[in-house]
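The next block holds one structure in the form of structure tokens; read it before the comments.
In order of appearance the chains are A, B, C, D, E and F, and numbering begins at 1 in each one.
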Amino acid sequence: MNLLQDFTRGLWKENPILVLLLGMCPTLAVTTNATNGLGMGVATVGVLVGSNLVISLIRNIVPKKIRIPVYIVVIASFVTAVDLLMKAYAPPALNDALGIFIPLIVVNCIVLGRAEAFASKHNPLRSLLDGLGMGLGFTLSLTVLGGVREFLGSGSLFQIKVITAWTEECMLPVSAPGAFIILGCFLAGMNYLNIRRAVKRGEVYIPPQGLGCHHCRLCDIGKITEDS
Amino acid sequence: MSEEVKNEPQLPSGNELILSSSPHIHDRENIQSIMVKVLLALMPAIFMGMWLFGADAIRVILLCSIFCVGAEILWCLMAGKPTSTVKDCSALVTGILLALNLSANVPWWLCLIGAILAIWLGKQIFGGLGHNPFNPALVARVGLLIGFPKLMTSWVPTIFMGQNTQSYSKAFFSDSIWMNVLEGKLDGITCATPLGLAGEAEKIISGAGAPQLFSGITTSEAYLNYFWGNVGGCIGEISAVALLLGGVILVWFKLIKWQIPLCYIGTVAVLSWCINLFFPGVTPPALFHLLTGGLLLGAIFMATDMVTSPMTGLGAVIFGIGCGLITCVIRIWGNYPEGVSFSILFMNALVPLIDRVATKKPFGYIKRTTEKGATA
Amino acid sequence: MSETSHYLQITIGAVLVYNFVLARFLGICPFLGVSKRLDTAAGMSGAVIFVMTLASLITSTVYNYLLKKPITLFGHTTNLDFLQIVLFIVVIASLVQLVEIMLQKLSSPLYRALGIYLPLITTNCAVMGVATLSAKSNYSVLDSTIFGFFSGLGFALALILFSSIRERLELSQVPGPFQGMSIALITAGILAMAFLGFSGLC
Amino acid sequence: MNKLKNTENILILGLFLGVIGSIAALALAYIADLTKQPITDMKTQAVNSALRQVLPEFDNDPGQNRVVVKSADKQGYDVIFYGALRNKQLVGIAGQSVSLKGYSGKIQAIVGLKPDGTIRTVGTINNTNKPISAVLITEHKETPGLGAVVCDRVRKKTIFNMFKTADDANLPPPNPILDQFADLKPGKIPWKTVKEGGTLKYVTGATISSNAIAEVTYRIANTFASERSKIIAALTPAANNVIKEVKP
Amino acid sequence: MSSDISYKTVSFKGGVHPAKDGKSLSGDRPIKTAPLLEKYQVIVHQNIGAPPKLLVAVGDKVKKGQLLAEADGFVSVPLHAPTSGEVSAICDIPGPMGVPVQAVEIKSDGEDTWTELLSPLDWRNAEPQELKDRIHDAGIVGMGGAAFPAHVKLSPPPDKKIDYLILNGAECEPYLTADHRLMLEEPDKVLEGAAILGRSLGVSNVFVGIETNKEDAIAVLLKKASAYNVGIVGLKVQYPQGAEKQLIYAVTKRKVPAGGLPMDVGCVVQNVGTAAAVTDAVKAGIPLIERVTTVTGEPVKEPANWRFRLGTPIIKAIELAGGVASEPGKAILGGPMMGFAQKSFDVTIMKNTSGILLLDAKDVFQYESNPCIRCGKCINACAMNLSPGPLGAMIESEKFDLAARAGVMDCIECGSCAYICPARIPLVQHFRRAKAEIRRMTQNQKK
Amino acid sequence: MGEYLLAVLILAVIGVFLGCIIGIAAKLFKVQTDPRIELVTELLPGVNCGGCGMAGCADFARSIVTGENPPNKCPVCSQEAVSAIAKALGIEVGDTVKKVAVVLCGGDKNQEKVENLYNGVSDCVSASLIAGGPKSCAYGCLGMGSCARACPFGAIEMLNGLAVVHNHLCVGCGKCVEVCPRNLIKLVPTETKVHVYCSSPEKAPAKRKVCNVACIGCRKCVKAAKEGQFAVKGFKVEVNYDSDNLPSEEVIAAAACPTGCLLTTQTHYEIEKNAGVEK
């Protein structure tokens, strides 16, 4: 039961993008179409699963003081590995589209966030499932977002025209402004559903005002002091 | 008679009285009357557009107005707000300004998308009238420009751009269609805008050759045509005289801060004059910049939108100068031949900061700060 | 390409045309997270400019002298560019940490103005991105330091504009579902539209 | 275990981090070693796949068999010529150069040439005799939907034909602007669009892009025409596959 | 006639010109004295500051001018009986702010006999302190609206040197004409009062500021002013010319610091009615038991200025003015710009009731308020240089701390902004609320 | 092989270096924070309502740890959480008396007899500044929902022109009490079953003139209940919330309140919920 929850948590309830608002840069940058979204997602899954697993394995021997630097080294290594592998085996078009965002997975709050919040406290199996779930949640959101942008732009999905009557391509959704606006509308949609559910249950729902970036303790990297 | 009066116990018991805060009297001006006056000021430009572009222009103006008002009503219905807000006519103003920013040959669905961008994305998402930080019509125009650059940059000629002004019109048509224009055979032809030509000239022959290229579009005949509006472009931007008339009406009714158009146009004039003086190949003369493109439309009607411009006179000056600077930079060095929309949109973003700088100090403020300093 | 236009391209490009946040989508998290109030945004901006400049300087040094060309040590010659990611992140992170500690020791007003933001940006996409981009464009150490500074400036410009608008939006009646991050993103979108006007400047 | 976890001993901390770093470095070095070959393959493949589209079938690595020439016009841009060999025989030449006059700057093209300097035709559009030219734009930043239309050769897949492999799948997709260069031979006068007083078609709203493409195509063809013998000499196998600089 | 008499016209920055000034309704009607009523309900707490301590009980017999309540502290003034008769009740009646307030009901005996009055003073030779005591004993408060005890204003702390006394005859509120008529009909009383106040302050610069739409009053005062060594200053017709800080600025070009008092810039401002009351108190020993009030508005049959005794219910005042000719939609105590809407006609006249205004039902449209369109008109109108529109937005979204920082506490509630606002935002109401909330918050903090 | 060696070497050196720096820094800059603060913050509900009087939960946590405040000062915290905090800090706390708010007015739109037209800001504080507000009863609920907006927990619903508290949502933070310009809201023990829904101290005839459900001070409830359960205050009766022995629901039937202002929270809510505006 617990295992299942570990896996599904990231898919919806704590979806890294839509709920926790983490890793916004790749979310906005690479989702010009569904394929790119999927590609980025898969790369992130690789890093997440790998780093979660390794960190969970070494969690009991890492000195507390240098926990975050150690995690970073582990994560950065996985990112490098994924980067090299993508360069070697992924289609060049995808590589071009993802550009510098593969190296940037290293600073994606989800990865370190899960390492710190989950993998460093749970056994390897659960950490693995957690990484997989979070990664898939991330992938899912990226793919859907990419799909919506692609569809609005040209009426196609995965570069296949779905509405053939759509002759004039619209560049707005695919452009930088469109990325912000469409993600904003996505969040509004989420909020709308949550508000409706809350009203039904007689609760109040406050839309997320900030980022869930406290999940990532990157800021604490080797943090020695606290402003008092 | 006096009996009758006595029989009227008109003094109410008190409960029928209306309670409200002071002041109990109000100025007559309200939002609706302001917007109606703006519509009035827009009339010359609307008529010039309709006359010069014919039925196409009427279609676009009607479509945009209807779609904008419709979008407003629809949003209000969906959001559970009273639909009575359309009565303030601001959606209509937005719609008409959007239409004036489009070419006369745009398809109907472009008007629809534009209306949705303007009213929903530009205005209602932020809470409706008064809350939008960006000019809705410009959000729509820029959105469409990014989304459909081709449709947004293909212009139709006016009804007068033909045989009579052949030497002048030739600048605006490519050779292959020139014969067709002369013969009046095609109805779907497009022509260039003066700014577009200037931009092209810069790109094609940068440097020394360009002044000659500008010469075709800076003759006195051409200037006269720009002044009256006999030139390709958006429905509302072509006729300088109509826009200036509208500006006079707006200033007369005290609807706009005169500082904005003055500083805006002034900055563009000074800057382009200087640059033309020293680098004649880079850009055409100042008068050309003033009369062409959406500068007048933007400076008089769009930069002055009170919701999205600074509230004080000083702020208006800063705003106008900023718009002018950015317009020039984009026109002269940027990719887009026309920088008005972007510059106003950019300066809209600066408005909160400008307001911060340019708010008046409260009466007696200076004393208070020294006091504070003394206690601190 | 002449020297001046090269630097013009780096500077104007970094601030306006390829603005880090609005065109390149780097550093979106701090952009969204620290933009609710103008004064925090201003503090953050200062910190970001500082860190991005410094990080560019250091990482490009590392890149240019360690990773770019094969190096020879003890008779072995190897190309170490696969260490780029690990080295960059480790170097940036420790650098920021060091600066924070030093600031705290040396200047408490400066620490209060900048220091509290430093950990926030230890590593975000903008800082890591500026390093990666400089490396990718093969900038010299000087180039990338300038690039880092102006990228930070572009970030600061966007952040300050954005936060002033958000402060104003606080007073607006934004419809329920759009409140919070949603409207922030949409505003950023329109801001990005305005920045798009600068395309082609360099 | 706990002792290690809570340690504050600087030496241990440093050593631990050092060990972790070493392990990571070891692993990465191993992966880097593994992927070295695939990555270089991938890189050459990128050039070759473009060349494959504009050149006849070859069995060498034309990406390596190249020569850089200064263009014949006043601007003096670099033009790179690649030679395609079959059985050590030169069967085709492709030229690559840029135009800086695109709407948003640089446009890079690869053009396949016949040995006599005319631009190759790689095939015809299905069931018609409209040629598809060996002109490929490999890099551009033109406005999507406007200038990009002039530059891109893309085969639009739709839901109706998504599972069908097109009959001409091995040909580059047609693009009327690029295809009008098929079988052209450079003359004295540079190629120009109708609007510029020439004869080439252009896309309304994207005149500038069209002009730029005409410019770069002409440059390649013209440079080849004027340096023909040197280039051919440099690219034939006897030249030993060494990259050469040919002074015009 | 008046053209040969000169005075300089001064003004402040900002303000509005209400289109309908309504002064013609009652401006040319001489002051009438109200007949004796059967009963008066005198509200006990009529001054700013501490309420006076009641001295009478139900059943007590009182004489006209007799003390009903004595001052309780420094910022407090005594209250006197408006007529002779019996205290028939001490009860709660509707107050001008809508909350029930304590009042002494005096059933008139019809004789209107004076109690023993204080002895007249020779003010030219009297000590300033003597004058101040007399002003206090006569129960005089500011009659311009605030009802601030007059003697308090006259007793600045020793470190504040006062060098200007300004009499406020601006009467910038539309519709109101009480001060106008008073100056016209009793110029000597006003000027002499000014001189007395000047002496009690030890100030030689005494000015009367009058809006130039009261040419006749200016002419009359100019003629006599030199006798009392008082200067007359014409004020541009601009609302709120009569507001203290604006008046001081117009006359002296000094700016009262935000949050400060006129005495911080060496000024004291008193209403002309206050001055007239001071003359009565000093020269005849008569306490403040009546005042001139304008009863006006379109529905009122015979708009006029009346001399009412304290405690006159406004329903009686309206009846005296002939009742109403059409249905009023709003009853206002004070002028249309700053007055308070009433929900009862049982409110009685107090020392600071300068006008009773009825507005026609068809004029008081139920306006709908729209969001601010940032037109900036309010900013130009605000005499205090505030930014009312943005302030209103802050308050609407309940950001009181922001509003406080933006200076909402400096607002004088003149109403210019809400008057001019095309969006019809009830800005003044917002500001009142903000002030209330901010005061509550600071109090909580102190706790 | 050299590649491997070099890579390992570089990373190892950097790693050792970094580890040392962190270690030294840890020595130089001793931990200043009290880990307990973080602990307590996590145990607190984190709604930042300010009901404790501090600037948010984190601030309150600090004040608990420093001993400024007892943990049970948080009105939101459950008893378990409070004792968990107390246990963590090793301090004693007494029982928290959980309180909820109640709006003591029953004068909804149907019961209110006369009311002025009001044209202004829809906010109780603002309205109360204009002639005391449009409601004829100077002590009744103005119905403009200032309290509902002030409540951080959404516990107050405006029904029929009357504020009604949802007991299950209210945590007793007291925000509404502070804001209500008519001082109608009281914090009462959670167990309280019945209330007298009227706050007007006026005499019965005056009250009846303006409201149908005023407490006319007939004292039937006082008689029906046990000693000390109700308190007579002037012309109205109030539940004695301080007593240990709060009146039970039966008292309603026994008293047969003639105006119907004696109600349970539940029936009060139902009445308002079901009553449409008739006027």
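Here, a residue touches a chain if its C-beta (ideal position, glycine included) is under 8 Å from a C-beta of that chain, and two chains touch if they have at least 3 such contacts.
Everything numeric in this text was worked out from a predicted model, so none of it was measured.
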Set of chains adjacent to subunit E and to subunit F: B, C
Farthest chain relative to subunit D (centres taken as mean CA coordinates): E
Of B-F and A-B, whichever chain pair has more C-beta contact pairs: B-F
Distance between the centres, which are taken as Cα means, of subunit E and subunit C, whole angstrom: 61
Intercentroid distance (Cα basis), subunit F paired with subunit C, Å: 45
Length of the line joining the C-alpha centres of subunit C and subunit D, rounded to whole Å: 33
Computed distance of Cα centres, subunit F from subunit D, in Å: 71
Two or more partner chains touched - positions in subunit E: 340-343, 366-367, 371, 390, 396, 426, 429, 432
Residues of subunit F touching at least two other chains: 3, 7, 10-11, 14-15, 18-19, 22-23, 25-26, 28-29, 116-117, 119-121, 126, 129-131, 133-134
Shared-contact residues (touching 2 or more other chains) in subunit B: 14-21, 121, 127-128, 131, 143, 146, 148-150, 335
Every chain pair meeting the contact rule: A-B, A-C, A-D, A-F, B-C, B-D, B-E, B-F, C-D, C-E, C-F, D-F, E-F
Interfacial residue positions of subunit D with respect to subunit F in the complex: 8-11, 13-22, 24-26, 28-30, 32-33
Interfacial residue positions of subunit A with respect to subunit B in the complex: 168, 170-173, 175, 177-178, 181
Touching residues (chain side subunit C, partner subunit B) in the complex: 38, 160-162, 164-165, 167-169, 172-175, 178, 183, 186-187, 190-191, 193-201
Footprint of subunit C on subunit F - complex, ascending: 1-3, 5-7, 9-11, 14, 18, 21-22, 25, 28-29
In the complex with subunit A, residue positions of subunit F that touch it: 11, 15, 18-19, 22-23, 25-26, 28-29, 31-33, 153-154, 166, 169
